[in-house]
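Input: structures, listed below.
Next, two complexes with subunit A in common: one pairs it with subunit B, the other with subunit C.
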Partner chain A sequence: MSGQSKKKPFKIEAYKHRVEVDPKYADRTWAVIEHAINEIYNHNASGLSFEELYRNAYNMVLYKFGERQYNGLVSTVTRHLRDMGKAIESAQGSFLDELNRKWSDHTKSMQMIRDVLMYMDRTYIPTNHKTPVYELGLNLWRDHIIHSAKIQTRLVDMLLEQIHRERMGEVINRGLMRSVTKMLTELGSSVYQEVFEKSFLDVSASFYSGESQQYIEVYNCSNYLRMAEKRINEEVERVSHYLDSKTEPKITAVVEKELVETHMHRLVHMENSGLIPMLVGNMYEDLNCMYNLFKRVPSGLNLIKDVMASHLKETGKQLVTDPDRLKDPVDFIQRLLDMREKYNEIITKSFHNDKAFQNALNASFEYFININNRSPEFISLFVDDALRKGVKGASDDDVDQVLDRVLVLFRYLQEKDVFEKYYKQHLAKRLLSAKSVSEEAERGMILKLKTECGYQFTSKLEGMFNDIKTSQDTMLGFYNSPYGNDMADMPAITVQILTTGSWPTQNINTCILPAEIVIVCEKFKAYYLGTHNGRRLTWQTNMGHADLKATFGKGQKHELNVSTYQMCVLMLFNSADRLTYREIEQATDIPGPDLKRCLQSLACVRGKNVLRKEPMSRDISEDDAFLFNDKFTSKLVKVKIGTVVAQKETEPEKMETRQRVEEDRKPQIEAAIVRVMKSRRVLDHNSIVTEVTNQLQARFLPNPVVIKKRIESLIEREFLERDKADRRLYRYMA
Partner chain B sequence: MECLRSNCSDIFDVFYKYCDIISERNPSNMKESLSLLLRSIDERRRARDTTLGDIVRLMPCLNLSDDSQFNCFYDFVFFICRENGQKSIAVHRALSAWKIVLHGRFRLLDQWCDFVQKHQKHNISEDTWQQLLAFSRCVREDLGGYDPKGAWPVLIDDFVEHMHRTIEIAGCSENKSMCCSISNTFSGLNLLPG
Partner chain C sequence: MRRSSNRKSSAAAGSGSTKAASKEFEKIDHLFNVYADKSSAIIDPEGIEQLCSSLEVDYTDVRILMLAWKMKAQKQGFFTLEEWRTGLKALRADSISKLKKALPELVKEVSRPTDFLDFYSYAFRYCLTEDKQKCIDIESACQLLSLVLGTQFGPQVDKFTEYLKSQSEYKVMNMDQWMGFYRFCNEIPFPSLENYDSDLAWPLILDNFVEWFRENQK
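Entry: the complex of A and B
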């Protein structure tokens, strides 16, 4: 035919001829193709010639029978699908199997048909905006099979039933499930979503809602959490095996909501197994499980965090306000440390070191540590204990570790200046009695405080160290000087020269020193004032100690390690065997309470009773008399006679320290106000309070009322004035 | 009679001098002139203290319904109540002066005086004195109009807190309440000299 048209392109007959042939040709050719389609659906494709069919289909399009061919295709395929639908509906065995088999038949057939109709696919379909052949096949399948009322409900029910069975622990044919869901996704994600996913999610929601209701009644928190975790993992696994991956976030959201979110409050507060028992019992794994699950739902972590924080505050508050605990400051701080350690561990191990949890932990500690206003004192006492005890085998590293830990608590303190006060007192005692574990450790601690709070905080503490150092040099100088040269038969003396101001202020209670000592003291004084002009020396007799050699009744010799006061008392017995309390008091001039304590430790402690008291009793009264106890025996050559010391501050002492701290704060607050006002010139009251608080909170938390009082005082002293127009504004007066 | 008039014109004289100095608005000069003025008053006062009487006499002669005039007068009262070059005035003096100048101007005057009498041990500073006038103008009888963040002097804060407490106690014991607080304020009055 093409030859003809080439030879005579202008000949009309040829055209006529073709038009004439048209109806017959189309019918005939379509019959061939339709037959082939039928054969393909009947699994009889082997006898067909692809080439011939392709040519026919090609010609159909070429001769403008594309529409005919397309419509024919639609009706033929539809017919086959109707048949298939019937077969599926009446499937005797497995419905899903049958559906799947038919599906694979259909797709295979459609592939072949598409190949045959390829020319139409390429030319006719795009120009006429029709659906491509294969896609058409899918659409027809969707419309006639999937959307058929009888099949769709059954299909969905079957799928859901299978899934339900699997959830109940049965093994199902996952391959089949996978093929069927794949079929649905191939028909378009909207088909998958509308036909299957929606009901899947609904059914899952009601399933898990029921299950969780049931479990929460019988399971404890830990088991429930594990169940929920398992369920979520199962769902994820299910999706990966035979559902569309886009379903994963949806189904997990459903499970999370039903299993976790709905019950989270109940879970957290579950008696005997909720969050608090887990925290108390250090159940790291359960806590981790809870964290991971609750992380999935909105405000889940906040719930854990809040409950943890309030539990912390509660237990912390109990701890710091328990009067029993206050008896032993070291134990008190140790408990706080242990508590922090414990929760730190939990946060690291179970809560992924979550910053929000760390912050909650810190906030809670800050809250309850500052409830007890003795915390600064106790922390200092704890450090004191650590730096003293170090001698007992603990290495520097250990001490350092303890100090690092205690520093964490220190950071929580709002009244760091109170701590400084106590630290100074305790450090003074350690330095003067040379009981410090090592200078290195002491300096280490100071360095830590310095990095924490700045130079100002520690300058006086460092001054104390320097005093001790210089004193050593001074003593060397003294013994090498003419003053100290001829002292062979006199008591040896060690003087520590303390700079006023650097050391905690002590009420000076001078006592009358024994004559032997006074001579040496005078010598030293002469030497010192000779080398340092214009200084003044005052003897702090309440802080020293002395070693005495004593010979007892049977000639046994002991070295007695005593305080300066005790030395003064004992030296009196060189010239007398029996002295009354009043005689001693008169001869030494030691303040009453101190004298009583020192006599008590000399006469009333078993094994160290170098004096004998008349009458025998535990307490010292002012009518007692004391005798030298020549029957004293001890296995040790060196006998250390301690003084009954009140380590913890007594109530009046505490009040005094508090008052001193308050006094010290006043100039600091005023300085801060002036600093702020100098830079701002004009500022309203509340801003001043905020800024001053900010400036000072590294050291302490100033009370707004105190700030206000300081402002009033500054107004009175004409550093500030109120603005004439707006009385809430303050103006800095240069 | 003669003496009285001379006194009266005297206080007039001082008041107008004071007003002149204040209105000059030259801080360094002002301070100096004020202290000079005060010293001269102090000298005259040495024989007999008539300050409070002077104030009473001065009041009817001034147009105190004018706020700015009253302000000036109020500050002036603090000024002449100062003694021996002190910057603040003694509590008893402040109380007497308040009773005279704020009479009928401050609804809580009695309660205030009673409170100050009982709780204030230190002298009254100029700031507290001045702020009380502002306070008296903005506060209502039920303590409304008081803003705890309003930068009031501590004494005023304490006063409000004290009042709240008395009201609370009064609220508890219902009927007795009013009598109680009123009788309290009056007993405060009786203690005052003059």
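Entry: the complex of A and C
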């Protein structure tokens, strides 16, 4: 036909309309979609054709009506939301339920709508920086429903009311709660927080604050703690069931603060049920509960630790300063050991072996054990007792364990050198009277001390052991030699040769020995000096013991085990029946105090009185006379009379030992000062004191005043000088 | 310009220095012999006593000690010829009247801080009469302190000597403690003693003194 006619070409196009700028097109198309939206909201979606709607929506965007569509969407949804809002507002008993249902409807509808408008979602919306459809739906819901004044307050109140009921023990609909909170989170975490969480936390705080006030008045500590624990667990569980997980730390913090932190001090110090009664009563579970709870709040554990430490210090201090306790050193130490065990148990069982608590325990012990300056002596006496008698019915391992525990106490001592002095003394007595239960145990103890304090500490002790061993060999040699060969009629002698440096210093007292003994001694001496040139032997008559065969009035024979001094005294009675004190003194040349002690043990002790004293008083005076006690009886054939046992020192002895210790310390301090100055050359006073203290602290804690005195002495002897320019400095003089 | 000393020395060229020296010291030596012991040719304690009365100064006056210091005298109570010459030459005195006039100058000189420090330590050493002696007994130390520091640091000296006499731990004082006390007077305000820190290297005797002083204040 003619091509110039404006006839529409006859085309059949299946799925595409002409691009027409037909304003009515937009209205028509939009009407379709709007209608669809309404139907969706009215639960009538089944009658709709997804394909058709999608196409319409697609076209709207294609023909540049995206904005129209978008705005339409907004207004339509808003309209529906308004209706929904009214319905929710008017809900009576089932407000939350209604809200939840409407929410469900809305989200489902929005999903469908989004699917329909997907093309716009993917093209128009991003290009024009508009909110995507589903998100838009959420925002609209948020703005028109949630933030609606009437709804928001009621929503929050209802939620909180339900939670409160549950806290008071009622069962509530957790599923519903879950859905509602989920809704809020989906609307945005700030919505959840602003609308719900903030109020939740505030209300919870006042709830628990009130509850804690109430319970703190009536409950005792352990019940309160369990209540608190229960509440915390409840809240955790609550969150897991129907709150957002991010709320958990916040709500637990609130509960911890209100229930625990606010009343921390009151709980700990509660009379009759607080921390101290728990410690005293070994209430492991309660203590564990307290530990776990207090761990949650700042400085909770520190509070427990500090109260425990000060209680320990108090109790310990009382123990070590109690005059009654000081009478029995072994018991004293045993109590300390028990105390330490007890708290060790508590820390292990209830405090998860927390290191900070271990340290507090150690610090407390260190504090009070050093308050009593006899602690070193007592510890040594305890060990002495254990090594003499053995620990009652204990195996080797048990003894080992006991010694390990004692070593723990030893570590706390500041004056380890004092301990060393006493240990040496006591060891010497044990070795010489052959009184240790087990050499293994003795050696074991020395090894422990060596590991603890180093070789220097124990080298002398080991020397003592060696001397004993060597002496045994020497004795064999003696009896095999010509000197010792023909001693059939003479008393048998066993000699312990002690190297002077290793054994505790003794004043050399010689007394007059019985003639028979002298002969034997000379023989031995000749033998020994023959094989060891250049040595000097001195008989230590204040030690040693003898076995005497004695025959009494009715012919009873007994074997008496006595000390050397006692032997000298008794042998005199072979040639005289009666002797005065003065005669004995002259004949034996035994020093006064020793002689008195000796005579007392021979004459004044029941069951051991091989001598009779005139007058029969208890104390020995220099005018007394002594007679051989013919009528002596004893059930035992072998009678032991007064061996030298390690005893707690008397006051004057204690002073003497302490003085010796002080004297020994002076050169050690000076050596340390010189060592420090040699390497540092120039140093100020404080630094010297610090360094010297560091160097010596393994043995003892030096007194700063003594250090200063030693420095001045060194200045006088020209080892050090004051710096000429700055007189606060000391200078090493090479 | 003719200078008399030059003329004298040039005229006596041969035995120049000694003659000049002896000329120079002629009056001084002459003065020396007035007080010296004839046999030992040294001024002994008796001679010093006479000297003091000539100078109208007390035997125990600190100015005599200052004189000894100027002379660098070695032995307490004695002046040798050398020492006499040294001292009087330095003071530019060759007669008693000149010597008397020189004394105030001497006092002023000694009070200058650097000179005083030297004088102060000299005073201690002067009292060490024995060969190897390193300390002086407390009694003498107290007297010496009053003499030497009495005017300058009266209150401190009084209190310190009081302390020294009341305690029994220290029976002698050594040079270190002596010097320490002077430093103490200079550095520590008295009687507040506010910046005294026993952790600094003060001699122990001063630590004890401060403690005693503070105890007695209460």
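What we mean here is this: the second predicted complex is superposed on the first by the 705 of 734 C-alpha atoms of A that agree within 3 Å, B and C clash if a C-alpha of one lies under 4 Å from a C-alpha of the other, contacts with A are read in each partner's own complex, and residues count from 1 in each chain.
The rule is simple: a contact is a pair of C-beta atoms (placed from the backbone, for glycine too) under 8 Å apart; a residue touches a chain by one contact, two chains touch by 3 or more.
If you're wondering where the values come from, they're calculated on a predicted model, not measured in any experiment.
Participant: After the alignment on subunit A, I want to confirm one thing: do subunit B and subunit C clash, or do they fit together?
Facilitator: Superposition result for subunit B and subunit C: clash.
Participant: Looking at A:K708 after the superposition, I want to know if it touches subunit B, subunit C, both of them or none. Which is it: first, second, both, neither?
Facilitator: both
Participant: Figure out whether A:K64 sits in contact with subunit B (first) or subunit C (second), or with both, or with neither.
Facilitator: The answer is neither, since A:K64 touches no partner chain.
Participant: In the overlaid three-chain picture, which partner chain does A:E716 touch, first (subunit B) or second (subunit C), both, or neither?
Facilitator: both
Participant: What is the contact status of A:H685 with respect to subunit B (first) and subunit C (second): first, second, both, or neither?
Facilitator: both
Participant: Have a look at where A:R443 lands relative to subunit B and subunit C in the superposition and call it first, second, both or neither.
Facilitator: After superposition on chain A, A:R443 lies in contact with neither partner.
Participant: Do subunit B and subunit C touch any of the same residues on subunit A, and if so, which?
Facilitator: 684-686, 705, 708-709, 712, 715-716, 722, 727-728, 730
Participant: For a test of understanding, state which residues of subunit A touch subunit B in their complex under the given definition.
Facilitator: Result: residues 684-686, 705, 708-709, 712, 715-716, 722, 727-728, 730 of subunit A touch subunit B.
Participant: For the complex, give me every residue of subunit B touching subunit A.
Facilitator: 87-88, 125-128, 130-131, 134, 149-151, 153-154, 157
Participant: Inside the complex, what are the residues of subunit C that reach subunit A?
Facilitator: Subunit C residues touching subunit A: 134, 174, 176, 183, 199-201, 203-204, 207.
Participant: Which subunit A residues qualify as touching subunit C in the complex?
Facilitator: Its residues touching subunit C are 684-686, 689, 705, 708-709, 712, 715-716, 722, 727-730.
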